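Below: a set of structures, written as structure tokens.
Two complexes come next, and they have one chain in common, chain A, joined by chain B in the first and chain C in the second.
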Partner chain A sequence: MSDTSQTSPTIVLDSVSRWYGEVLGINKVSVDIQAGITGLVGPNGCGKSTLMNLVCGLIRPGQGQMRVLGQRPWDNPALRRRVGYCPQFDHFYENFTGYLFLFSMLRLHQRGRQWAEESARHALEQAGLARDMNRKIRSYSKGMRQRIKIALALAHQPEILVLDEPFNGLDPVGRHEFMSLFAEYAREGRTVVVSSHILHEVERMTDRILMMSNGYILAEGGVREVRDLLRRHPFHVLIRTDKPRRLGALLLEEDGVSSVEIENEEALMLTTRDPDNLYLRLNALVLEHNIRVDLVTLSDENVQSIYQYLSGKEHH
Partner chain B sequence: MPVSFDTHGGPVRTRKERSFSGVVVGAGRLIWPVFLVSIRRLVHSKFFYAALFLAALPVCLAVIILPSQMGASIGRLHLVLESFLRTVFLAFVVFFAGNILGFAVMRQEIDDQTLHFPLLQPTPRWALVVGKFAAALLLASLLCVLSLWLTYLVLVIPTQGVFALVKDLTQGGRFFILLKESTALVLGLLAYTTIAMFMGSFLKSIAYALILLAWDTGVPYLPSTAKMWTVMHYLQSLLPERLSQQRRLFELLGEPAPVWLCLVVLVGLSLVFLAGCLFIFHRRECLYGET
Partner chain C sequence: MPVYDYTYQTWTGARRSAWVRWLTIPKFTYLDLFKKRVFISLFTGAWLQFVLRLGYIYLLVNTEFLAALNMPTRGLPAVNGFFFKNLIDVQLIFCFIFAFMLGSDLISKDLRHSGLVLFLSKPISRWEYFLGKFTAMFGLMMGLTWLQAILLFGLQTAVAPEQSPWRIYFWSEALPIAWAINAYCVIVSATLSILILASSSLTKNQRYAGTFFAIYLVGSTAIGRVVGEILGRDWPLVLSPFACGVDLGYHLFDESGRADLGLVQCIGGIAGVWIVCIGIFYFRLRNAARYGR
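Here is the complex of A and B:
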């Protein structure tokens, strides 16, 4: 990690575009990523994986310039020693054991058999797969498959760790373990880029995020700044109840509720800028007026909706 | 030779390693792990079982015709083996084993969506292609050559006995003839494996092999010089015991090509297709067909 410092960016994209035929991957993305953890957030198909594949040299940029640790990533075997990638693809050499898979891949580093053996064992232990390393990958659960992908990304101690949806299929304990591990990596001065479509998951690891939508960087900066951006937009809450008109009338009197719409005889939709306060008041109103409520849900809780807000598209 | 590494884990090249022998050893170091992982992948694949089945066919055929050969002379058995070589091995087993394993070794990573694993490791792409090629060629060669020798043993031992077998191999010179025939099979596999790897680097289906088979087996029977454009012509010409010398089928097909020409064409053709495969793979992105 000789040339990785806290101030100089380790990954630089300058007006980088990538199209798949007529389908947009990313468009004119310019961004500098520095050492530490950077969260890449966005809905499916927003360009996160394209950006990560570009950084790891799996695909070429159509336009623009990019540098990873000062080098061009495409067709650069030497750079691969310094970059670890946990891709989203869930395909493996199914007939290999976990150990053999890692060992075989690490042998491609040309650092000798002993190094490959030790690194594979260490990475498998780090990923919590020590007990199952001699089992065939095809018998692994989804969580174990995820762990082995992360183990492969970590095994050669890269300076840049690129993780595409690394927590998919992991249990809460596993998520916590890996979050700590990635944080430790970042503290050592390495660069960790983590993608997720779950904002709060990324928020637990870092304050630096890149929000992507439709191939563009939509917002860049601290989580608080992005949250503020979100607060400017109302949330839509769907409530399924036996008395939608009565409950709607009561809720309209509450602070923060800007509109109520009766969906049908069993449901209403309201808009609020403060869903947390709404939930508190709703509990009180339901008990006080003996109203049955079957379901309360943020209809736009998923990030897709957030991005629709942020990109200026009308919700529902 | 001990290897030292730079701060990023890359091997540091000494002056000795920059010499020709050093470059060869260095290339071997790059190719060997790819070769090992490709062998491991191939032997667990359905393509290997298909090639195994193909290689078992001549042995099974030999077992089937064995009762009709009881009491036949050793010379007669040589002729039977010769016709096996031309019609079963070269025109069928070698063709399909080479094409199936060569095609599979390129397509497997793409179809299984595992191509990113080797591409993410610090191995140059040329070494990935050459390592895969070596794995496919070795497996196909082992299967076909073993099949040839087993077919010979199956034909000779039950009909002539072990003593006659030993005598045929040593005094009769059959051992060297079998070695030459094995070499011809390997050269055939070399050509077909590289053609298949080239096709597999951009085609999704192995259907091209049927066209190639029709060309390779059909064209030599045409009374023209078109046969010069088939792999089969040079393979048939390479066989040590030419049927043309016995005024058989090959007479119809014209004179066999000289050995030096066969070697030049087969090796040259293989190099051209391997280079084509390298060129395509070098530019290949890891997309798996999705956007």
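Here is the complex of A and C:
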């Protein structure tokens, strides 16, 4: 038995930046990730996938140093035997059966045919695809495709699991099953990094989160600490909708919403200290009053101010 | 504070050689291809010429059968270097079709669906990924050219009568044909494979990749011819991998008189294509796992 506090971090990033031309991926991220489950939370485009790609060695950091299990991850095939990755996007050999797909990918691990066969079957059973393993992937539903991606990440029993939005398209039962499975992996001392843009989802699995926005780590630590920090700071949320005045009036009646500003005939900006509750109520209001919403996002200026607030820079 | 058991165990068993792990890619590319009807139909059609030539070789040595068919037993074209070069040149049309229809999607499909991430998150390098894709295309083309030609060569050697020129001059005339078959098929198949894979790596769209490949092959030949006409020289044809390949075939099969380009020019032109294509792979695959870019 071993305590996490006594272990060295399995993933270390030291001032790591990654730019795509002029587009920021992540900026000066320094973080240590240890065994157990770490949730990576943030809106789409905040840099979660970039961070995961860096950890898996798929892209090279533009600046800074990073180590995964003590090794440089970039273009390091040996390290990838120890890392399992579930990408965000679907890509399969559609004519293959689920079993054949997994088996073929496992053959790249140089561990022999029998190992690949057994591991493929075991992973498919773990992912709840035992009955469908001999069906062609072409016929799989969205949830089944998600399950096979997770099975692919788990199949070679990696020390580090990197899961990019693993719950997309999964039903509540599937989510629960995989959350239990990841928890089991963490109990065995493995490192599991799970990304999601929904804080509640991650909160059910772990107390340890990294909150990202615009390529920065906004907050790091326990979910409660981060929530407390965020509650003290107002969020500016931009909503693009066909009925900004109507939606604005409805949202003003909600707890936590302190102001609403109509930007133009298609958008409104509101201020809240409880964005989680806002997102939940917004869904209900939109359905109840038949309002079309095209975009809900934190305003860019706001993200910068939250970053400064959380990093304490605004006090200097 | 969470407490972990650290009960997992890493793999301590034997591993296959790293030199062959990328062979998984062509293996499963073929498995995927042979599940497509269009591929199976084309592949079957590509063996038709082999069957016809097989029958021809059989007929040539069965004078009684020829007589029974009321066909002349003399004056029929002999099985020689031209017979094999012509076989390979016709098969190259199928190679072109396979490259255009299937090879063009080998890498572009992975780029389109961020599928490269699937491979590159496994323990293989970018160059092994390329090698795997290249081997898939190269193996297919060698099967359509070299395998057929060498099988017919073997058959001809087996059935040729003792007193025939094929047997009498086997070491001096027939065997060099086998070397020419090997060299011609390897060089042309490899060049076509690397060209289509370079095209495929340039875009996420299969049609664009196939069209670029076709336009480059035809266009470079046309430009080479026009510039050659203007300058009154043949060397501008080195721009065309098609012309270089065809003329290389003439040199290898001892028909240098038909070639517009010299042997060194042919090799130089093909080497140039290889260098450019490898450069394209280097730049395209270096950061190809970036999402959506």
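Note that in this section the second predicted complex is superposed on the first by the 226 of 316 C-alpha atoms of A that agree within 3 Å, B and C clash if a C-alpha of one lies under 4 Å from a C-alpha of the other, contacts with A are read in each partner's own complex, and residues count from 1 in each chain.
As a convention for this text, a residue touches a chain if its C-beta (ideal position, glycine included) is under 8 Å from a C-beta of that chain, and two chains touch if they have at least 3 such contacts.
Not measured: the values here are computed from a predicted model.
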item	value
Partners on chain A (chain B, chain C) - clash or fit	clash
Touched partner set for A:Ile59, first chain B, second chain C, both or neither	both
First (chain B), second (chain C), both or neither touched by A:Glu188	second
Chain A: partner with more touched residues, chain B or chain C	C
Contacts of A:Asn95 with chain B and chain C, given as first, second, both or neither	both
Chain B versus chain C as contact partner of A:Val293, first or second or both or neither	neither
Touching partner for A:Ala219 - first (chain B), second (chain C), both, neither	neither
Set of chain A residues, in rising order, touched by both chain B and chain C	2, 20, 53, 56, 58-60, 75, 77-78, 80-83, 85, 87, 89, 91, 93, 95-96, 100, 104-105, 107-112, 152, 156
Chain A residues touching chain B - in the complex, by the definition given at the top	2, 20-21, 23, 25, 53, 56-60, 75, 77-83, 85, 87, 89, 91-93, 95-96, 100, 104-112, 152, 156
Touch list for chain B against partner chain A, complex	3, 5, 7-11, 29-30, 33-34, 36-37, 40-41, 44, 112-114, 116-125, 282, 285-288, 291
Contact footprint of chain C on chain A as seen in their complex	1-5, 7, 20, 35-36, 49-50, 53, 56, 58-60, 75, 77-78, 80-83, 85, 87-91, 93, 95-96, 100, 104-105, 107-112, 115, 152, 156-157, 159, 185-190, 207
Residues of chain C touching chain A in the complex	1-8, 10-11, 13-18, 21-22, 24-25, 27-28, 31-32, 35-36, 110, 113-115, 117-126, 128, 287, 289-291, 293
